[in-house]
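Shared chain: chain A. Partners: chain B in the first complex, chain C in the second.
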Partner chain A sequence: MLRLEKRPSPSKLWNYATPVVAVLLTMIAGGILFMALGKNPFEAIKLIFWDPLFSEQFASYSRPQLLIKAGPLILIAVGLSVGFRAGIWNIGAEGQYIIGALCAAAVALAFYPAESWLVFPLMIIAGAAGGWAWAMVPAILKTRFNTNEILVSLLMVYIAEKLLAAAATGFMRNPQGSGFPGSRNIHNYASASNQELIANTGMHWGVVAALIAVIFTYVLLQRHILGFHVQLAGQAPRAARFAGVAPARLVLMCLGLSGAFAGMAGMFEVAGPARLITIDFNAGYGFTAIIVAFLGRLHPVGIVLAGLLLALTYIGGELAQFMLNLPAAAIQVFQGMLLFFLLALDVLSNYRVRLSFPSRSSEVV
Partner chain B sequence: MSIPLLSLQGLTKVYPGVVANSDVSFDIGEGEVHALLGENGAGKSTLVKAIYGLIRPNEGQMLWRGEVYAPSAPAQARATGVAMVFQHFSLFDAMDVAENVALGMDNPPPIRELSAKITEVSNNYGLPLDPHRMVGDLSAGERQRVEIIRCLLQNPQLLIMDEPTSVLTPQEVDILFRTLRQLRSEGKSILYISHKLEEIRALCENSTVLRLGKVVGRADPRKESARSLAELMVGQVLHTPSREAGTPGKMLLKVTDLSVASPSAFGTSLKGVNLSVRAGEVLGIGGVAGNGQDELLGALSGEIRADSEAVQMDSNPVGQFGPTARRAMGLLCAPEERLGHAAAPDMSLTENALLTGAYREKLVTNGFVSWSKAKTFAESVIKRFDVRTPGPHVAARALSGGNLQKFVIGREIMQRPSVLVVNQPTWGVDASAAAQIRQAILDLAQAGAAVVVISQDLDELLEVADNFAALNGGRLSAPRPVQGLTMDQIGLMLGGAEGETHAAA
Partner chain C sequence: MKRRELLATSAAALGLAAVGTGARAQSPLKVGFVYIGPPGDFGYTYGHDQARLAAQEHFGSAVETSYVENVPEGPDAERIMTQMALSGADMIVATSFGYGPSLNAVAQRFPNIAFEHATGYLQEAPNVSLFSARFYEGRAVIGTIAGRMTTSNKIGYIASFPIPEVIRGINAAYIHAKKVNPDVELSVVWVFSWFDPAQEAAAAQALIEQGCDIIMQHTDSTAPLSVAQERGALTFGQASDMTQFAPDVHLTAIIDNWAPYYIERIQAKLDGTWAAENVWLGIGAGEVAFAPFNDRIPAEVQEEANALIEAIGSGAYHPFTGPLNKQDGSAWLAEGEIADDGTLLGMSFYVEGITGEIPG
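After this line comes the complex of A and B, so read on.
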C-alpha cells in the first residue's frame, strides 16, 4: 500500500527534480498520445524538442523563434510568480497582455507618422499602465468586496478579447487597409518599431525587458523585505498579518506588478513579432506563462529555463503540426500535461511516499 | 503474576538523525492509570503513536494480554481496544456534537441512535453533553468531552490521554478526574501524559519517565514529590523562578473601554476592556480558552485595529496603529499559536527572526534585508534562550513545541520591549523550558518593562503575576493583587461573577 508521510522540512532534491521528471513524464505520455493518433512517437518528440534547434533543415528559421516566444513568456511569468508566491492568483495575464498591446498601439497610432525617439518609451509606459489598470479591476474588487481574483481576472480576459476584436475591426482599423481588419503595421513605423537587436537571434527589446524583469524579481524576492512579506503571506497568512503585512496592499502590489509586466509583454509583441493589432493577436502567452511560472518553481532563474522550454514546445509543436499533420490541440494537451504532471509530482517535495505492507511488521521501515 | 494489558518490550524508533525512542520497556496493568512523563522531545509522542498504530517501531515488540500486538493503522489499534484523546482537538466548529463524533468512528451508527448513545454514555460518566449542540459554541472543556465520548463509545480497554487538562478550569479538571477514576474502577487502563506533576500525583499509581528517548526512571508518583518527579524528568536540579519586589514605575500600557469585534465567526468579541500596566509590573490574565484571549492579543499587537484612544502606549494613542508601528514604539507580542501565527512553519529560524525583528533589530536598511544580520540575531536568540536546534537554517516546524516557544518568546525579549504581551507562554512546554520562559518574563519586568501574561494555567499566573484579572465572554474583570488571592476568588472571577457584580453596581 502507498502512503504519504509529511517530511519534517521540504525536500531540496525533489524541489529541483520534479520539473525534470515532469518533463520526462510528459514526453512519455505525449508519445503515447501521438501513437494513439497514429504517428511515430519518437519522430514527433524529436520534432518538438530537437529539430527546432539542431536540424539543418529547420534550425535557421526556428532558432531565433526561441527567444521571440520565450521573451513574453518569461516576462509575464516572473510577474505572475510574485503573486503566486503570496497566494494571489492572477489568471488573467492574457487580458492584461492584450490591453497592454492595445494601449501601446494607441500611443503609436496617435503619433503616426511623426518620428521621435520619445514614441517607443511612451509605448512601453502605456503598455505597462494598460496591463496594470486591467489588473487593478480584480485587485480593487478583491480588496473592496472580497471577490475572488481568480474568477474576476479570468473573466476580464474575455472582455479584453472583445475589446481587441472591436479595435481590430473598428476604432483601430488601418484607414488605408482596404477594409481588412487589423491596425496599421506598427513594426514598419520606425519610431515605434521593436527591431531585432542582433540579426538572426530573435533578440529584441522585449527579451531585454524580460531579463531585466528576471533580475528585478530575483532581487525583490531574495533581498527585499517586500519579497519576504510576499512569501510570508503565501506560506502563513496569519503570521504575515502579525508581522505587519497589510493583505490589501499586497494584493494591489502583486496584481499590479504582474499586470504591468504582462502589459509590457503585449507592447513588445505588437511593436515587434506580431507587427500589428489583429483579431487573433493574442496567442495564449498569458495562460502558458502560468505553466512557465510553476515549472520554474516560481523562481526567476527557473522561470528563464521553463520559458525557453515552453517556447520550444510552441515552435516544435508548429513544426509537428506542419510536418506530421498533428492537430493544434494535441500540442495544447501536451503543454497542459506538463503542468498536470508537475503539480502532481509536487507532492513529493513535501511528502515521502512510503510502501507499507500490512502483513509484515516491524522489520519494514 | 497477572499478564499486563499492554507490555512494551525494547521499543526503538529511529528517524533520520534522531533516535526518538531507544529500548523503551514498561507494562500497563489492567485497571492501572499509568503516567508517561518527560520533557518535550523526550519521545513521549513517538511512543504513543507507536501504540496507537500511527508509526511502526524499528525494533522491539508490544504484547497485548500476552499476544503480539503490532498495529499498522489506528483503525487496527481501535479494534484491539486502544483509544486516544489528542492534545489538539480535531473537531469541526460548524457541525454538531453527534456529527463530529460520527466523523471519527470507523462504523458510525445512524445519527439518531448515536445521539441517544452519546447522551447515555455522557450521563453515565458524569460528562453531560448535548449531542445536538454546535461544536463552535462549546467551551474547550466541552470540546474535550466530545473527544473523550467519541473514544468511550468504542468501549476501549486502554485510553491514552495526551495533556488532557491544559485547557480546563480547575472545576473541569475535577470532573475529568472523577470520570477517569470511574473508568479505572471499571477495570479500564489509562495511559496519562501530562506535564502537571500534581495531577499525576493525584491520579496515577505508576509512572515511567522518559528522557532523550530512554527510560530513566519508574516511580510511584504518590510516593514522590512534584519536585522530585520534575528533577527525574529533567535530569537536573530545577530552579523556581524568582524575583525581587520592585516598585512599579510609570504607566506604560493603558487600555480604556476597548471593544472590538472578533474577526472569526466563532470568536469572542471584546466588550469594554479596561486595563493598565506599569513599568516593572506583570499583569496576569486568566480565563478559559475562547473567552477573548486571541482577540485581546490581536487588539494589543495591532492585528485588530481599535479606536485610537482605546489603546495607549506611554500616553500615546496607538489604537489605530498596525503591528509595525506599535513594534517601533516598543510594544511587542508573542501570540499563542506558535506555528502559523507567531512563526511561519516552513521558514527557517533566520527568516522567522526577521518576521518581527526586521526594524527594531535593524535587519533591514532601505527595504533591503541583511540576511547575515538576521542570521546573527537568530543565533543570539538560540544561544541565549537555549533553543535546541542544529542551527538557524532549520525550518520552524522541525522544532519541538518547547524549543520553538523559547525561540518565539526569546525573539521578542531580545528586542528589549517596553511592553510585552504574551499569550499562553508555556502551553505544551516542558517543565524546564517553562521555568526558563517564566524567569525570562520576570527578568524583563525587573528591568523595567510592563508585561501582560495571558494564560489558562493558573499556577503560572500566580507564580509570575503581580495583579490578576480574568477574561470571561470578552469582558475583563477588575484586576486584583495576586497576593492574598484565594483559589475560590479566582474561580469566581473566571466564572464571570465578578464582572456581573461590577455591572450591577
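After this line comes the complex of A and C, so read on.
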C-alpha cells in the first residue's frame, strides 16, 4: 500500500524537480487528450511550448508578447503573495485592477489633449491610489468590524465591474465614438501612452514596474522586520502577537500593498496594451494572478517564472487553437492539467512516499 | 516605429514567400475568424460559426478556415489577430465592435490582409471593411407579433449594453408593438453582459413577476427561453432558431444569416477584387431571417407579420418612419419621414412612450 510520510522539512531536491516533472506529465496527459481529439499530439505540444519561443514564423512577435502578458500577472501576484504569506486573503485584485485603470484613465482624460510629461507619473499615482483605496474597503471592514476579507474583497470585484461598465458606456465614453461604449484611445495620446521602451522587446513601463516590485518584495520579505512579521503572522499567529505584531496594521499594510500593485497593473494596461477603457477591460488578470502567486510558491522569483510559464501556455494555446482548430476548452483543460500536476506534486516535497504491506503492518499494530 | 518596420518586413517576407513558391494558386486561401463568444452559445457566435462552416463547404479545398473562440476585446484580440496574420492568413474576420482599435492597429501592419469587422465603426486603414445587419428590421417584426399576442399588455425586454445597436432594437420592437396594440407597455432590464445565463434568467424571472407575458432578449444565451418555457411566458429566440429550448413558447427567432456575405467576400478575395466597404444589410439581402412561426401565432397575425417582412424586404416600408417623437416628447421624424442611417447608427435615445432611462 502507498503511504505518505511527512518529511521533517520540505525536500530541496523535489522543490526544484516538481515543476519539471509536472510539465512533463502535462505534456504526456495533454498529448493523450489532443490525440483523442484527433490531432497530432507532438505538433500541438510543440505549438504550445516551443513555437512561441523559437519558431521563425512567430517567435519574433510572440517572445515580446510573453512579457506583455506576464507583466501584469507578475505585478499583481507579487503584491498578493505578501498578504497570502501572512494569511490575509485578498481575492479581489481584479477589482483593484479595474479601479486603478479607471482612476488612471480619468487623469489622462482630464488632461486630454494637453501634452505634458506630468501626465504619465500622475496616472501611475492615481492608479496605485485607486487600487489601494479599493483594497482599503475590505481592510477597514476587517479591522473595524471583523468581516471576512475574502468575501468582501471578492464582492468588491463585482461592484468594480459595474463601475467599469458605467464608465465605458457613460461618463468616460468617447464623445467621438459614434455612441459606442469605450473611452478615447489613451494609447494614442502621447503624454499618457505606455509605449514600448525598447522597440520590439515588449518591455513597457508595466514590465519595469513588475521587476521593481519583485525586487522590492524580495527585500521586504528577506531583509525587513515587516517581512519577518508577515512570515510570523502566517505561520504562528499567536506567537506573532506576543512578538508585538499588530494584526490590524498588518491587514492594512498587506491589503494596501496588493491593492496598490494591482491598481498600478491596471494603469499600465489601460495606457498600453489595452489602449482604452472598455466594458470588458478586465480580462481576469486579477484572478489568474492568484494562481500565479501560488504556482510561484509565494516567492518573488518563483512568481516571475510562474507568470512567464502561464503566459507561455496562453500564447501557445492560442496558436494551437487556430493552427490545429483545437477548441478553447481543450486548451483550458491543458492549462488546468498543468496547475493540477504542479500543485499535486507538491506533496512530494512535503511527504515521502512509502510502500508498505497491509498484512505486516496490521501485525505490528 | 522600429517594431512596426520589423513586422512589416516579416509580413513582406511572407508575401515574398507566397510569390516565390509560384504555384501558390493551388494552396487554399486562409481565413481566420475571431469570435467574441463560444460557437456553442446558440446565439450570436453560433450564427457566425454556421456561416463560416457554410463558406467552408461552399469553397471546399479552395479555402481553409480556422477560428479562435471566446477572445476578449483588447490586447488578447490584438495578439491573436497578429499571430493569425503571421501564420499566413489572407483574410481575418472579427465579430465584435470592441475589436475595433486592435483590428485597425493590426490592419495597418499587414496591408495585404483583408480585414472584415462585424458591427464595428472604425476604419483607420484601407484594408478594413465593416459589415453589420439591420437587426432592427427583425425587431420590428417580432414587436408586431408581441403586440398582438400579449394579454397582459406588458412586454419584457432583456437588454445587454446601452449601445446604439441595442437601443435601436428596443425602439423598433416598441414602435411596432404599440402600432398594433396602443395599450402596450415595455419594461427593459439591463444585464450589462452579452452572455450571462444566470443573470439573463434572473432578468426573465423578474420581468415575469412584474406581469410581463412576453419576453424579448438582446442577449445571447438560451437561459431566458428556459425560464419562459417553465413559467408559460411567450418568447423569441435570439440570433438562431432556439425552438428546442422552449418548444411551447418560442414564437419565432430573428436569425443572423451571415453566410451569403461571407461567401461573397471570400469570393472577392479569391478573385482579387476585394475592397474595403461599409455595408449594412437586412431582410432584403437575406442577412436577417426568421425561424418558422410557432403554431400558437394565429393565422391572421402570421399573415400580418409576413406582410411586414415582405414590405421591409422590398424596401416599401422602413421601420423608422415618422411621425415619431423622442421620449422627451420632442419631434424626431415628421409624417412620412424616414430616419437616416447616421442617426440610426448612433441612436442613443428612446422613442416616445417607453418608460425608464437609458443607463450611462
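To be clear about the criterion, the second predicted complex is superposed on the first by the 353 of 365 C-alpha atoms of A that agree within 3 Å, B and C clash if a C-alpha of one lies under 4 Å from a C-alpha of the other, contacts with A are read in each partner's own complex, and residues count from 1 in each chain.
Just so we're on the same page, a contact is a pair of C-beta atoms (placed from the backbone, for glycine too) under 8 Å apart; a residue touches a chain by one contact, two chains touch by 3 or more.
Keep in mind the model is a prediction, meaning the values are calculated, not measured.
Undergrad: Quick one: chain B or chain C, who's touching more of chain A?
TA: Comparing chain B with chain C, the partner touching more chain A residues is C.
Undergrad: Looking at A:Gln57, would you say it contacts chain B, chain C, both, or neither? Reply first, second, both or neither.
TA: It touches chain C, and chain B stays clear.
Undergrad: Can A:Thr278 be said to touch chain B (first), chain C (second), both, or neither?
TA: Second partner only, chain C.
Undergrad: Have a look at where A:Ser11 lands relative to chain B and chain C in the superposition and call it first, second, both or neither.
TA: neither
Undergrad: Just checking: does A:Gly170 make contact with chain B only, chain C only, both, or neither of them? Give me first, second, both or neither.
TA: In the superposition, A:Gly170 contacts chain C only.
Undergrad: Quick one: is A:Ser349 in contact with chain B, with chain C, with both, or with neither? Answer first, second, both or neither.
TA: After superposition on chain A, A:Ser349 lies in contact with neither partner.
Undergrad: Output check: A:Phe228 vs chain B and chain C. Expected answer is one of first, second, both, neither. What do you get?
TA: In the superposition, A:Phe228 touches chain B alone.
Undergrad: Help me check something: in the complex, which residues belonging to chain B touch chain A?
TA: The touching residues are 56-61, 70, 72-73, 301-303, 322-325, 327, 333, 335, 337, 340-347, 351, 354-356, 358, 364, 367-369, 394-395, 397-398.
Undergrad: For the complex, which residues does chain A have touching chain B?
TA: Where chain A meets chain B, its residues are 8-10, 223-226, 228, 231-232, 235-236, 238-244, 246, 356, 358, 361-362, 364-365.
Undergrad: Hey, which residues of chain C end up touching chain A in the complex?
TA: Residue positions touching the partner: 1-3, 6-7, 10, 32, 38, 66-70, 72-76, 78-80, 82-84, 86-87, 97-98, 100-102, 105, 121, 161-164, 192, 345-348, 359-360.
Undergrad: Would you pull the chain A residues touching chain C in the complex into a rising list?
TA: Of all residues in chain A, those touching chain C are 57-58, 60-62, 65, 68-69, 162, 165-166, 169-171, 173, 177-182, 185, 187, 196, 199-200, 269, 273-276, 278-281, 283, 315, 318-319, 321-323, 325, 327-328.
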